[in-house]
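Before any comments, here is the structure.
Lettered A, B, C, D and E in written order, each chain numbered from 1.
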């Protein structure tokens, strides 16, 4: 009963503080207030500071001509185009190196991960050493090292070695390969290619149906390969190879024609993908190991051979474990591509967040744009991941 | 006692040899796990293998379907010699079903898909047919209603029954069981044993590592006692329990029956 | 039977009310788990709660020490009304000890540390004193020699006894048990029940969710049967088992006693 | 197989252990099993040998056998040998460690570095002698270190932070980030799993924002734009800003790791703590966090390794960490074009420290597997 | 105000380049040296009386203005071209010109190029964030030529890339080219092409809005120029400042007549301190980048107006 007395004699405030709900509300209001206070404070400071030096906050500079050139552009661009277009060029360059990095990193990472698990002692040791060497060195160093090697040890264009009878050149100006220039009749090959894809899908469906009905197993992989690669190739030959190639050729200072992978792109691409592949290899290894050996044994005991065991039992389970950390590696790679600035690859940080920022003095605006772009990349990737996780979640009690 | 007698007569044992192991040795590194194993199993026989932990029981039955490799001696299953030849291994694995202690169901597939996977991909059965067969076996282990669920949604006893059904779907001549009930809660043991007894009655050749002595008494027509990688004793169940030949067997029995 | 009679007389039930639940309702989201619960427990009473799975037994006793919040009606423990007032919650939790199905010992602390943690941090006892008290209770549950070990090194039965000792160290007036033996191997159940019986004899107020009917017979002076979130029947143990009032109780008893 | 042992029969239970057949024993057995167990395996072995053959000797030649250690400039190197020119490293070695730190005061850095091990010992290894007492020293270490490195009071002359650089700067950023991001990360993790919506939203927003953008953009903001957000005329040391940014950055990642650990703690532990009457912070401090942190240690160490590697990015905003200071050697006309040597040296430095950390995390993981049985 | 801040800190924060030989670079002891650096020291000497009280803030072409505007430094001495947009839009106040420069091109002799008009298709190394980048874009566009820009952060990297052959041409201010060439093993094998494609008046800048500070720093620069004109050198400044010399120009500057220092809030001997610390303009030039140094730049446009150059200090009066 003493407790009841105490209750009454307490002040309203301490009563509120002792009420579970009231306390949580007070705590939350405090947090929010502190936070708002903080933001208000720094934004006010920024406004005052900008005012003293007479700047505002506006994005109109985006429509002014950029006046600088960019050496690698996926869309048409020249120095008279606007800062906005320069930003787009930067975004595309970021995406280009990120996507190609992701593809290469995934391939190399999976191969390394599987080799790491191989029963071959020597191979798994070599891969182990490689992985440890690569992932314990900062990615920026990888970029600089590879760039340094490309620029300092590869020959200048005049002495560059050629491969495939003078159609591929490797120099410190980059890797030049012939670029295709399709002739009118080339559409037939394209149609064959897409036809091949459609055919493969249809064939796969049919194979599945056939298997369901009669049990016969059709060689989907081989036929698919034939349809997608073989068929277009045959059509290409039959239509008389309707394709011209623009071969790189040394003219004046540089190679002209073909397509080039600039050393900056090359270094960034290789460094990002090799670095990330070491992490992916470990993820793949962990993913495969996470499927208990009992699963393999059970599949073997049922008479499934090794490749079928992998296809039907191990890989589907391993993927569940692999994909979430894999996506976060993809995100890391994308973010690390911002280090392009160290070697002069013109990505988003180097264009809008670099030259444009510097030429116009619009730090706030430019950095806002850069941050928003990276945030939307990661938003998209994590949305995908949530969707995937939901889709593959193992059903349990 | 009388019950057991009845069961035994019910089951037929042919003269045909199902498994023949002669002078088989196996090492793990330098460790000699299996020493000079000789065993002949005829079709329809139900053999229970027991022995202390680490005595090599699991290793022995896993050698029979080549989950482990033996290094010396020979193993013949249904007349086929086990060697490195993949064809032979395939043939033998199609003959022999196996049920594991920890079920090893495929968690990403439904119960039905677990059961039809091997028939479809190994036996190349049409899906419809495989499913029908699977449903038959699921009925036999009394869980046809769980067919669409995932293993994670089932109790341990149900999972082990699915594992048995999955093996049966391949129509094996021989079934190997490696302590099928030891990972189960006590309430669930009997439901699994019931299914196994049922299977035994149907004349299936069975090798079963288990410590369920009641089961051994009921269905086994031979009990094998292993220790230190050797077969120490081979005996009729009745004899084995009441009048074991070797001292080690006696010691073992006293421990496990006491418990 | 006679044994039970003796026990009952030994234990004192005072007139003072320990727990008073009136018109209590609880929902999980839209799901009405507890419906109009009314229960009065006097000091020294030993109440066993049983009922089918999902009937709300755990939820009800967890409401008593506010591990769950009820949404309607009132719960008074030792005269203090359970509300959102943190002071009250603290006071009640100091009055009420709880033992869980899965022990919930703290694995990173030794047995002794498990027991002294709350006295030191909540009751602000000196460490020396807390340890002495803890040793006393560990002796009472017959494992003083395990005091320096970690929970992971003990058997299930021992762990549950530690959990009981840990609760006792706070000197609670009331003890709640939520299926304290159902996660234990059969051999260990009795050692825990013995401790609980001992506790009951000492006059502790106890609410115990359990299906151990032997225990209910021996120590309970009331048995409560719940189903579908309601208290269906409240009865003397003898009456409850031999002559249940409701049909649902009869059905339930037939299932569980059969097993 | 007419082995003598085969024909011999033994009484049951008397069979002696025999050595395995020759082909599965010793080196030959090992090679057969690990290198030549199948055709595919044999091919793999051959490929591996080919790779080693193609790569290792030239690398060794270039970096070791044909390398030049003593030379005063690159031309001399080229004249002396065909391999790497390590002379640039030997000349710049001191600078790579201490950068611009005044020579007379360098003993302070050495002392700080030595004390670091004394302070780390009791934290990392639980069998350290006098652990309980030493922990106090570990707690005091950050302050001692600040005093020793920066000075300016208690008798030590001030060394300004712009004199910092090289390995020393890398260590300062790494260790400060590690030390301060852990408590912050724990708070964020607690915020994220708390049932107060406002805390949750704040934590989630912070964590996701930081994890969503590259560190260098944050560093750029800190290095060049922070003054906009401060009251006019505020002085704010550049190094300090970088330290704050790096700490914030790491804490978001730590928070995610710790959250994983917190979520792995069974609900029963929370309930038991509640039922015993422990308050929120008591329950966290005594019950939940000790367990959650223990589970998260490998993840935390990995985050630290990442953070440590990320310290190189400060070179982009004009601080001279190891990489930065070594790169400035490249600008020296004497050593023009030796980027490979310089980068390899830096890489080696990072490899050694990161590899050591990852080994430590493996050791912990192994130890954790043994549970709480000591 | 900035002056008060500087005095309160006892230190002048001077924004310089991360490294351009002759203009601003650290020697092996980590000490800053160079043409721009000396002006920083002179300013510190004038304001604080001690030339060593300078905090150098190295920046790249891209970060310099942000650094200045955000208050990282009090003055920018970093071979920065005066342009209208920088003056107006970037909110800088330029103080005058300390070096008249123009953008040029450097190529390897082997290429056999003699004019910038022959550079069609070349790869060009440029420092990003500079006016050179913009001039270059205009030059090639106007002359209808293509090029591959190789954007680079610092002069060192540009140099490394150029020497490695990553680019055929290095373009920056002619002074920078000469400075860079001076660091080559074989300076003779590289030519600076005759075309100067832009006017690059390089000068110090401060934040807009603090006119008093602008005045101080501007007049430090003029004092150094005037000193050369009047023959005041590091060697003789003490002697000349000891008592009035009778030459009123010198006396006003050195504080022996009137108190011009006080007008801008400095001490009487402000100019004497500056000259004492680093010498007059000519001395600074000769010591750091003059014909006798490795850089070997002629005075050219940077000669005093009396000698046919553009350097012309308004009178101190």
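Heads up, the rule we're going with is that a contact is a pair of C-beta atoms (placed from the backbone, for glycine too) under 8 Å apart; a residue touches a chain by one contact, two chains touch by 3 or more.
This one's a predicted model, so the numbers in the text were calculated from it and none came from an experiment.
S.K.: Out of curiosity, which chains are bumping into both subunit C and subunit E?
M.R.: Neighbours common to subunit C and subunit E are A, D.
S.K.: By mean C-alpha position, what chain is farthest away from subunit B?
M.R.: The most remote chain is E.
S.K.: From subunit C, which chain is the farthest off, judged by mean CA positions?
M.R.: Relative to subunit C, the chain whose C-alpha centre sits farthest away is E.
S.K.: State the superposition rotation angle between the two copies subunit B and subunit C, fitting on C-alpha atoms only and giving a multiple of 5 degrees from 0 to 180.
M.R.: Copies differ by a rotation of 165 degrees.
S.K.: If you average the Cα atoms of each chain, whose average lands nearest the overall Cα average?
M.R.: D
S.K.: Starting from the mean Cα coordinates of subunit B and subunit D, work out the distance between those two points in Å.
M.R.: 50
S.K.: With centres defined as the mean C-alpha position, give me the subunit B-subunit C separation in Å.
M.R.: Comparing mean C-alpha positions, subunit C is 45 Å from subunit B.
S.K.: Counting only Cα atoms for the centres, state how far subunit A is from subunit C in Å.
M.R.: So the centre of subunit A lies 56 Å away from the centre of subunit C.
S.K.: Quick check: how many Å separate the C-alpha centres of subunit B and subunit E?
M.R.: Taking the average C-alpha coordinate of subunit B and of subunit E, the gap between them is 89 Å.
S.K.: Two-or-more-chain contact residues of subunit B, please, as numbers and ranges.
M.R.: Counting only residues that touch two or more other chains, subunit B contributes none.
S.K.: Could you check subunit E for residues that touch two or more other chains and list them?
M.R.: 63, 66, 70, 160, 164
S.K.: Which positions in subunit D are in touch with at least two other chains?
M.R.: 224-225, 227-228, 232, 327, 337, 339
S.K.: Under the touch definition given earlier, write down the residues of subunit E that touch subunit D in their complex.
M.R.: 5, 9, 18-19, 21, 25-26, 28, 30, 55-56, 58-60, 63, 66-67, 70-72, 154-156, 159-160, 163-164, 183-185
S.K.: Would you tell me which residues of subunit A are touching subunit E in their complex?
M.R.: 52-55, 67-71, 78-80, 151-152, 155-157, 172-173, 251-254, 256, 263-264, 341-342, 344, 346, 350, 354-355, 357-361, 363
S.K.: In their complex, what parts of subunit E are in touch with subunit A?
M.R.: Its residues touching subunit A are 61-63, 65-66, 69-70, 89-91, 111, 119-123, 128-129, 133-134, 136-138, 140-141, 147-153, 157, 160-161, 164-166, 168, 207-209.
S.K.: For the complex, which residues does subunit D have touching subunit A?
M.R.: Of all residues in subunit D, those touching subunit A are 34-35, 37, 41, 44-45, 47-49, 51-52, 195-199, 202, 208-209, 211-217, 220-221, 224-225, 227-232, 305, 309-313, 315-316, 323, 327, 337, 339-340, 343-344, 346-347, 350-351, 354-355, 358.
S.K.: Which part of subunit D faces subunit E closely enough to touch in the complex?
M.R.: Answer in residue numbers: 75, 95, 99-100, 160, 162-163, 223-228, 232-233, 235, 238, 317-318, 327-328, 330-331, 333, 336-337, 339.
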